[in-house]
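This structure is in structure tokens; I'll ask about it shortly.
Chain IDs A, B, C and D follow the sequence of writing; residue 1 opens each chain.
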Amino acid sequence: MKKFINDPRDVVTDYLTGLEAAHPGVVRFDRDSRILLRAQPARGKVALVAGGGSGCEPLHTGFVGRGMLDAVCPGAIFTSPVPRQIIAATRAADAGAGVVHIVKNFTGEVMNFGIAQEIMAFDGIRAETVLVNDDVTVPDDDDSAGRRGLGATVLVEKIAGAAAERGDDLARVVAIARQVVARARTFSVGLTSCTTPERGRPTYVMAADEMDLGIGISGSPGRDRVPLAPARDVARMLADPVLDDLRPAPGAQLLVMLSGLGGTPESELYLLYGDVASHLRDRGFDPVRALVGNLVTSLDQQGAALTILALDDELTALWDAPVHTQALRWGM
Amino acid sequence: MKKFINDPRDVVTDYLTGLEAAHPGVVRFDRDSRILLRAQPARGKVALVAGGGSGCEPLHTGFVGRGMLDAVCPGAIFTSPVPRQIIAATRAADAGAGVVHIVKNFTGEVMNFGIAQEIMAFDGIRAETVLVNDDVTVPDDDDSAGRRGLGATVLVEKIAGAAAERGDDLARVVAIARQVVARARTFSVGLTSCTTPERGRPTYVMAADEMDLGIGISGSPGRDRVPLAPARDVARMLADPVLDDLRPAPGAQLLVMLSGLGGTPESELYLLYGDVASHLRDRGFDPVRALVGNLVTSLDQQGAALTILALDDELTALWDAPVHTQALRWGM
Amino acid sequence: METISTADLIRCLAGFAQRVADARDELSALDAATGDADHGANLARGTIALAAMLADAGGQRPGEVLRQAGLVMVDTIGGSSGALYGTVFLRMAAAVGPQARAIAPEMLAQALQAAAQGITDRGRARPGDKTMLDAMQPAATAYAGALSQGDSLPAALRAAADAAAQGAAATAAMRARRGKSSYVGDRSIGTVDPGAASVALLFAAMAQIGAPAP
Amino acid sequence: METISTADLIRCLAGFAQRVADARDELSALDAATGDADHGANLARGTIALAAMLADAGGQRPGEVLRQAGLVMVDTIGGSSGALYGTVFLRMAAAVGPQARAIAPEMLAQALQAAAQGITDRGRARPGDKTMLDAMQPAATAYAGALSQGDSLPAALRAAADAAAQGAAATAAMRARRGKSSYVGDRSIGTVDPGAASVALLFAAMAQIGAPAP
């Protein structure tokens, strides 16, 4: 295993220490509670809290700051946080105007946020849950744990974050967040397995001429193993399931996020984005906003995830609103 | 080889096509000349032109835009551009206030920029050359091609770019750029070899418990192959040669750039940054600005490069000045 | 042995912790086949904390030990198994109650059934979904069945352990419908569910408390 | 054969292009040992363009063919070798001049020496620095020496080719002091310099034009 780490048990804490050291004006790391907060807590606005297994950085820790999240509770690698962290993050973020929990639809994350909310209910603290489930890999029936929350999480955090920042009330922030969920879908392809610090070797083995369709985060294998294909074909394999499920109106304006999984260089992502954008245009859509980079990752896995959001004017304006976090920054 | 590409011969063009598609408001790709320009050409300011082998993205293509570069001429993978491209980029960038060529001290880059300048001299076009040579791997004597231009290139492009943007004249922009070169040093460590699209397999083989000290860009092997070490030790191995060569004043304010080589996830870079920052503090320096991410890369290579710039007030102000490129953006 | 004392319970939980430590890599390897390769590490994080907690638990009643075990699991594991193992122990604690000085055999039958129900409540798992439940439910049922046949407590615990082991083994043939394995569809068929495997370790540790000391 | 005609030159350059195409992976593999693994790809980009250019070159004088060859190399290769091979051909073109209808043996001696000098001028390489020069200079010297001994043009070209091949082979023992290989210090010792190897191919192709057609 070739990683810049010290003790595998300390990777999350060591990462957060470095993040705070690099961006002291943006984030503060509360080591005792293992939560990450804005360096300057916001006042009087709806608070946004998220958290999930670590190893998916910059999700969520890279999105703490003005215009996005207020607090994040990162779990162990690929393991959702424990209720104690969720409670600490919620308490720290609460600025008196209500708290939104942005929860990715993974069994562990849903259950731990659920337990935390049950515990907090004793103290009269309430948080609204926005469940993100944008992965089109899984049919939306009861034969699985349900659609995973993937790339749409970033869009929810950014757009709901902008709504909260401009002063929208709790109900409105929640409604906007749910609208993003309703209008966004994701599909992913993996080229390699990731290597967790704990195990020190790839989680699974894949031949040199194979790729996995329908992976998620946390380095689980995908639903279908298929032959490796040129970028042009991968672009179609990613875009078609998303479009066919989302069914945007003809000519719809789209926000297109193409995220690497951590080990794919940005230059390859941009190359792939070019093929995605041209395929979207061929299918009659208008990709008016693009976000390309390693945004929702699985450690060092190679691969890419395509998330598409059908925009409207309000969502576009909230997307364009200023943001200042480690991983997303514009307008300030 | 697992990459998002189509034909290996088209990777550079396909990447630039995608970059333009994702950021039409920032860059324009002139396909015929294979140069990348600002979407809105600047007027009446000193123009900054750079170019080198491709495969090091976001260097330089990700740094085209307001506050940084005006034009970039990207060569084939790891191959400096040809004079024809350099000339096209120079002509396109020239806004009447003079042109600066930012040249990394690689034999090919120096020679091709040199030939381009000889040719342009016939037409009365002159460009000032700023040679970047920050790599402390190589002794600064005549027994090698001289110190390579590495991470300091980003700092030169940002800081000289800000000087040009605020209206400094050619001599002043060049002087500031040279000051950055004089005050910056880089040292790098590689964990793996990269794989070029052309060859389709790793350039060299390295054991699982080895790392390479003193690598550059373009995937050449390093100067010393040593045992893999924990991040804490790697931080020292990177920082000490840089500090010992740069010799900043005690207590000096430093800009610290920790760049991944393309295949290293950002979370590992932040972890390593934490150890670098604490070592710098232990040695009595003050890391007041940090830039962490994959900035000067070698395709999918895993590893990191540490660049340190000894700041002064003017350099800090120019660093903080607004910038809007694909890869660096703040203040706008 | 006719009831389970605090000392028995502590020995049982310590034995579970030991078994998890030994099987850690194996459990993660099972998880690697269809999930995210962390079940061993997750559970070990919990059982290491559990073992530390047990050091001070000697003076408490069994229900309190179970409650604290549940809280430790919830507080240290995270992921699905943190919530689910936490629920298992908290539900058992509730069934045993704070007052009991020892766990009677019938009380344990109720506690095990409550634990299985807890998994269903929390995770909406049904039998056959390839989860912890597929070891837990057969174990609870076998235990209750053995008791009603007049078996001794140690014999009933052995029956439970056997049923848990068989239940875990049977998950290999199942297609996952809950948890991370459910995302890979038919590719989930062929390996044992890691959570079911770890539940089998829990029942093996319980059976050990009824066995003569080695 | 007493001089080199345009047709001879075209055959020579086409032969060089063919040899580069054949050795492409080998040249890149040499570069992989100490450099960036692209010398074969770089040079092939140039010689493919060169071959295309030669198709229309039949009506030109040798100096012009060499000049165009240099421009094609400069325009298509990039990297160190683009500038250096470009310089090699442009300097030879200058030595031959635009007027000559054929290249006389002594003229070629001057052209080869000018080419070697061009490498030194552009790249500040000295003999023994493990570069193209370590094949080019021995070849130029051997060629001139053979002529002054009274050897025929074909014999002198063979001598040059042998010297280039030996010069290239000798670079294996050298420590690089120019180009990318120079960064790896002592680790550059042990493999042949890719640029020197490709120069040996150029001289092999030149020797071929003096040989009887196969």
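The rule is simple: a contact is a pair of C-beta atoms (placed from the backbone, for glycine too) under 8 Å apart; a residue touches a chain by one contact, two chains touch by 3 or more.
Quantities reported herein were computed from a predicted structural model and do not represent experimental measurements.
*Asks:* Where each step is a move between two chains that touch, what is the least number of such steps from chain C to chain D?
*Replies:* 3
*Asks:* Does excluding chain B break the complex into separate pieces, and if so which chains end up together?
*Replies:* Components, chain B removed in thought: A, C | D.
*Asks:* In angstrom, rounded to a whole number, how far apart do the mean CA points of chain A and chain B lie?
*Replies:* 29
*Asks:* Roughly how far is chain B from chain D, going centre to centre by Cα mean, in whole Å?
*Replies:* 33
*Asks:* Quick one: chain A and chain D, Cα centre-to-centre, how many Å?
*Replies:* Going by mean C-alpha positions, chain A sits 55 Å from chain D.
*Asks:* At which residue positions does chain C touch at least two other chains?
*Replies:* Residues of chain C touching two or more partner chains: there are none.
*Asks:* Quick check on chain A: which residues sit in contact with 2+ other chains?
*Replies:* none
*Asks:* Classify the chain contact graph as line, ring, star, complete or other.
*Replies:* Topology of the interface graph: linear, an open chain of contacts.
*Asks:* What pairs of chains are touching here?
*Replies:* A-B, A-C, B-D
*Asks:* Along chain B, where are the residues that touch chain D in the complex?
*Replies:* The touching residues are 53, 75-84, 106-108, 111-112, 114-115, 135, 137-138, 142-145, 148, 196, 198-199, 203-204, 214, 216, 218-223.
*Asks:* Report the residues of chain A in contact with chain B in the complex, numbered from low to high.
*Replies:* Per the touch definition, chain A meets chain B at residues 1-7, 11, 14-15, 17-19, 21-23, 54-55, 57-58, 62, 191-192, 208, 211, 228, 230-232, 234, 262-275, 277-278, 287, 290, 292, 294, 297, 299-300, 302, 304, 327, 329-332.
*Asks:* Show me the residue ranges of chain D that touch chain B in the complex, using the header's touch definition.
*Replies:* 25, 28, 32-38, 41-42, 45, 74-84, 86, 122-123, 176-185, 187
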